[in-house]
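Alright, structures below, take your time with them.
Shared chain: chain A. Partners: chain B in the first complex, chain C in the second.
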Partner chain A sequence: MSAPALSPLSRRIPWPVLFPAAVLAVLLLAALAPQVLSTVDPQAMDFRQALRPPAPGHPFGTDQLGRDVYARTVHAARVSLAVGVGATAIGFLVGSVLGLLAAVLSRVVDAVLMRVVDILLAFPGLLLALVCIAVLGPGPVNSAVAIGVASVPQYARLVRAQAQVLRGSGFVEAARTLGQGRMTVALRHILPNALAPLTVLATLGVGTAIIAGAGLSFIGLGTAPPTPEWGAMLAEGRNLLGRAWWVVVFPGLCVTAAAICVTVLGRHWQAALEGRGRA
Partner chain B sequence: MATTEPRARQWAVLAVSALLAAGCAAAAPPAAPSAGPVSGGTLVYAVAREPDCLDPHVSPADITGEIQRNAFDSLVAQRPDGGFAPWLARSWEVAPDGRAYTFHLREDVRFVDGERFDAEAVRANFEHIAAPETKSQYAVSLLGPYAGTDVLDAGTVRVRFHQPYVPFLQAASTSYLGFYSPRALREHGDELCAGGPHAVGSGPFREVSAVKGQGVEFVRNDAYRWAPATAAHQGPAHLERLSVRVLPEDAVRTGALGSGQVDVAAALPPTEIAFVAQDPALAVLKHAAPGQPYTYFFNTARQPFADPRARQAVRAAIDLDGIVAGVYFGQYDRAHSPLSPPTFGYDPGTETRRNYDPALANRLLDELGYTGRDAQGYRTRDGQRFTVVHPWSANLVRDQQDLVSQAVHQELRKVGIDLVLRPVDSGTYLTERNAGRYDLIGFSWARADPDLLSTIYASGSQFADGGANGSRIHDPEIDALLAEGRGAVDPGRRAQAYHRVQQRILDETYALPVHTSTQAYGYRATVHGLALDANSWTTFYDTWVEPA
Partner chain C sequence: MTRQLLRVTAHRLWGGVLVLWGALTVTFLALRAAPGDPVDTVLGPQVGASPQLRERISAELGLADPWWLQYLRSLVRPLTGDLGRSYQLAQDVGDVLASQLGPTAQLALAATGLAAAIAVVTATATAGRGGAVAAWVSGGELLAVSAPLFWVGLLLLSVFSFQLRWLPAAGAGGVAGLVLPAVTLALPLGGVMAQVLRGALDRTLEQPYVTTLRARGLSEVAVRLRHCLRHGAVPLITMGGWLVGDLLTGTVLVETVFARPGIGRTLVTAVIAKDFPVVTAVVLLAALLFLVINLLVDLVSLVVDPRLRQPGRAREAAR
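== the complex of A and B ==
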């Protein structure tokens, strides 16, 4: 890295962080306040305007039903990002609790929990998510739950490993010697220190979860139409690629951009954290 | 094609368009002047759907019936004018009471395994279809009130029915009532769904392999001498090999046609039809399929659609003319009747009905008590939103019907009705459908006989009974008319009965016809003699390809 060579303490933010952060800021704005970016109704149809290429009135063109692709892409951000963040939050919370319990409770609890996690790990994530959808039924909330559940095992594994390392460290020994209870030690000393690497994993997980959410919508098991969602937009426009590329390219770029930007930031954070760890 | 054209003219138009397509081919520079059919060569046919089961005696799927037409022959062939021509039966007599059909069979027919086709083979096949352990999902309903088959001698067979059953000749002309070698039924009866070498018929092609997710391979049956009288030639087929490939993605299928990887592609998407037609190397064969158009069914067995006013309100709220023209770019016709125009008994009188009237929709909704409005602007009654649940499965959708539903959603939102498009997997869809857990569902059904209406509207044809009564109606008047249509030997009386069924369905707003099922096939200009049967399905017996 050349930037730190110039001035490691410079408050200048390097562009590999600035650029993805800016893109994410725009996508977050679209998710939180879509009306700021587009005043057009994303569901308004006009067959006379069907499949028009990008032009000043419709910057991203129109789809088969004459709906404004720009408005739909902007409004789709909310569901897509919510599924990504929601799924990660579920995986993070449930996984952390399971991992911590396995690490601090008895060997029997550890063995049982970890065998369950092993079984879950044996299935591909998307397959687990599909099983959850089959049980819960489709929908954005269930998509988040399904993808979240599918990601529980990796969080549980990581937290358990971290907690086991920390359990043998000096400050935990000290706390225990001072007579603190098992749960107090776990919550006050082990958990906060185990979480740092976990937040990196979670940030990376958001990108994966956004793609998984779009994937579920693509196969028709995510968001119910006509609510705009990137994956569903890709599915509806996939057969038009040769005739009307704009219907799929813009939502496709958004999924890609969201996933890449979150991942780049996550990696950067990871690098920073590991640097601190070494220092 | 305008829906008002009588059937004969539709076929005339079809023939003309085929000639025009042939003319285009001749005009293309590289095409050699066609000096008549060329024997040999391989034709690759890309289909859009994977057959669930390749046994036509079991599967109700159109795609199974279409693919297996190449391997299986029928007793009779349906002519374009609706009449019937000899095929495996040289001639036949119908008993005056319509309860028995006697067929005189050809004596020179052999299955591809060498077995003879005779009266005993007919009996074995019909008994196989009727046997409960076969679990036939469609062919058994084509046998109607089947009572049994009598072998009178080796070349004569009599099929008996409990009640008069006029649609039997049409049913007998479909590949669902096609004939397996009795040896195949005996020895491989439980493996027939897999198709491939077990699909031993007497057809112009022999099925050599069937691979799930890929397709079905056929080679010519060189012994074939028993083509139906409707065919353009006699003797073995022109093509030496026929390869059916499953390419579910529209863009992939049409792309493969454009690049020459396939010779014929089924189910051209409406957005592509005009482009394929303009390409000098390609041509389009388009035809409105007989049977039931794509239709929305109101679940009359539960609220809100148990009340006819709620059904009328929905019908009046939707500008279906605009939606069909818009979603299909003018390529598909609006449907007005529960039957498609090319079906016998179609009532052109249904076309004068005009239902789009948002003011009426609002008035009916007020009358029903849905006068409140919630935060999102939907109508409410006693705090309950007017919700219409429409389950659909991405796997089962075709012809962009999901887009039609989104357009309908938008129209209903304008009058304050919330159409919930509930995406489910195909298994869940069938469970929910069979249990009646829906307010609105949609499907189409191809069959060249109005008796199809019995499958869809008779009281005894509920989903739980193996039927497809999407509106879940029990209407004695319709039942009586359907029975009359089944039993009426006089074609005029028969058509009259079905006219009244169609009018009754529309009067009661049991269903909402959307668009005619349009079969659009794209093919390379080097392909000649591509024909559609009475169901608008491809037949490749007369087809030949110009040598490269």
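== the complex of A and C ==
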């Protein structure tokens, strides 16, 4: 009975959604349970096997220390995706709180917070992240924090704009008339209704954050070798370009695939929400 | 129009002052929030520095003064052109930046020109047209916009420097060394610009005056290049501020990929070494660039698009 049940499902979900979702599912599997996809130890060195091109035993080839590039690429998914998701979560949470506070508290707080947000938005995100790393020092956790902090202004601005619109709506006025406090109204009535556009920004943000995290590792400020991470693998592969193209091709392909799939899904999510809003 | 230009300029300058103040405050807070003593950064790995030496360095850096005096100094000094001394390089930060500005400016200008060329060619050729070519071009744009810069750079390097041996692999020397970095930086910028330009051209091509032009027997190429491009360029010009931010971010990565000297590479080195005077100066440079470019964007928009010159539209344009 299960086979016929699947077909209406696949008919309902268009392939531009199904395909990126499937790719992301594989990458998520690599992050959560890498041993399912590769039983080889990503740190095991074998100098007699160094810099071998892709072949049946090593589908993605081996690096300068004879480590299996396929195993390393699979195991790298965990750190790379965690930095992307973690950074987005930080930006989302801190930004929402600040945006909500600006909209709910006094005009002075609003004016000051939003002026600061405007000023911060003038700087490219990577520059803010680099300033954060100069303070915190390099590392995977710090790079997630830095990317997250750099994205706070965007979330704060969006939440505040949403809250401003909702504040004037009937149900908020009704709640206030019923004698509910400012904070209750903000948390129980405004925030849940402001969430939909926020989820779009956050989904698109995960894609950007994955690339930013890999980029920071690539320039030597994120995850350091020998921990497998896509950006760090690219940095190691940079020195082998003349002899081994496969060391940089596959991790880069994963970063690109992850970012594009998340972005495509985010765009569909956005279109679906806007369609609902118009109806 | 002159009054309006002045008003737009004044509005921008005020916003710019705030951004510059913000840049200096953020970096000042960052310096104070950073764990560890800047004296250690200046001393480097030499461990056995005497207390007297430490005290002298601390006094030179002004670290013994109260925090408000240090803050005031950090605001006033850059106004006099004094960016301080680099902790690591034993050189004035102004000199450090001046020596690195050339290669970065070269790279940024080459990439901008290339990106504009990519955008104009692909957008004018495919705007208002469906079919397989348009689908492939927009697919290519999506890939160019989404693929990480550093990976694209590595792939180009692998193919054109190591496999085909057409272009040098590293260094800033000459035009040949500039080709791959500029292409790497231009691809994502060109992708975004092409998308924006095509959107604007699509809207312009539906205007009644285009029908008039066609009815007068103008060729399609002339309609697109001589008449529509100017209208389509307006949203492209307003992207100037974004463009500068993206270029700055891009140079950080591209200079690492191609081992080029420049501002981006200097910034990364300074971040690793916690060399705060250099970090501060680069942030300040970014703020200044942002200010200048946005002012230019406003003024050029007023020149290109006469509709913005009505009174009351100035504030709108200033945003």
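In this text, the second predicted complex is superposed on the first by the 264 of 279 C-alpha atoms of A that agree within 3 Å, B and C clash if a C-alpha of one lies under 4 Å from a C-alpha of the other, contacts with A are read in each partner's own complex, and residues count from 1 in each chain.
As a working rule, a residue touches a chain if its C-beta (ideal position, glycine included) is under 8 Å from a C-beta of that chain, and two chains touch if they have at least 3 such contacts.
Just so we're clear, the structure is a prediction, and the values are computed from it rather than from any experiment.
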| item | value |
| --- | --- |
| Joint occupancy of chain A by chain B and chain C, clash or fit | clash |
| Contacts of A:248 with chain B and chain C, given as first, second, both or neither | second |
| First, second, both or neither for A:134, with chain B first and chain C second | both |
| Chain B versus chain C, judged by how many residues of chain A each one touches | C |
| Which of chain B and chain C A:14 touches, first, second, both or neither | neither |
| Partner chain in contact with A:260 - chain B first, chain C second, else both or neither | second |
| A:192 touches, of chain B and chain C: first, second, both or neither? | neither |
| Partner chain in contact with A:66 - chain B first, chain C second, else both or neither | first |
| Touching partner for A:238 - first (chain B), second (chain C), both, neither | both |
| Touched partner set for A:219, first chain B, second chain C, both or neither | both |
| Of the stretches 21-29, 39-47, 111-119 or 291-299 belonging to chain C, the one that collides with chain B | 39-47 |
| Residues of chain A that lie at the interface with chain B and also at the interface with chain C | 133-134, 137-138, 219-221, 238, 241-242 |
| Contact footprint of chain A on chain B as seen in their complex | 249-251, 255, 269, 271-272, 275, 322-323, 325-327, 329, 392-395, 397, 400, 402-403, 405-407, 409-410, 413, 420-425, 427-428 |
| Chain B-touching residues of chain A, taken from the complex the two chains share | 43-45, 47, 50-51, 64-66, 133-134, 137-138, 219-222, 224-226, 235-236, 238-244 |
| Residues of chain A that touch chain C when the two form their complex | 115-116, 118-120, 122-127, 130-135, 137-138, 207, 211, 214-215, 218-221, 231, 234, 237-238, 241-242, 245, 248-249, 252, 255-256, 259-260, 263 |
| In the complex, chain C residues that touch chain A | 18-19, 21-23, 26-27, 30, 33-34, 142-143, 146-151, 154-155, 157-158, 161-163, 169, 241, 245-246, 248-249, 252-253, 256-257, 267-268, 270-272, 274, 276, 279, 282-283, 286-287, 290 |
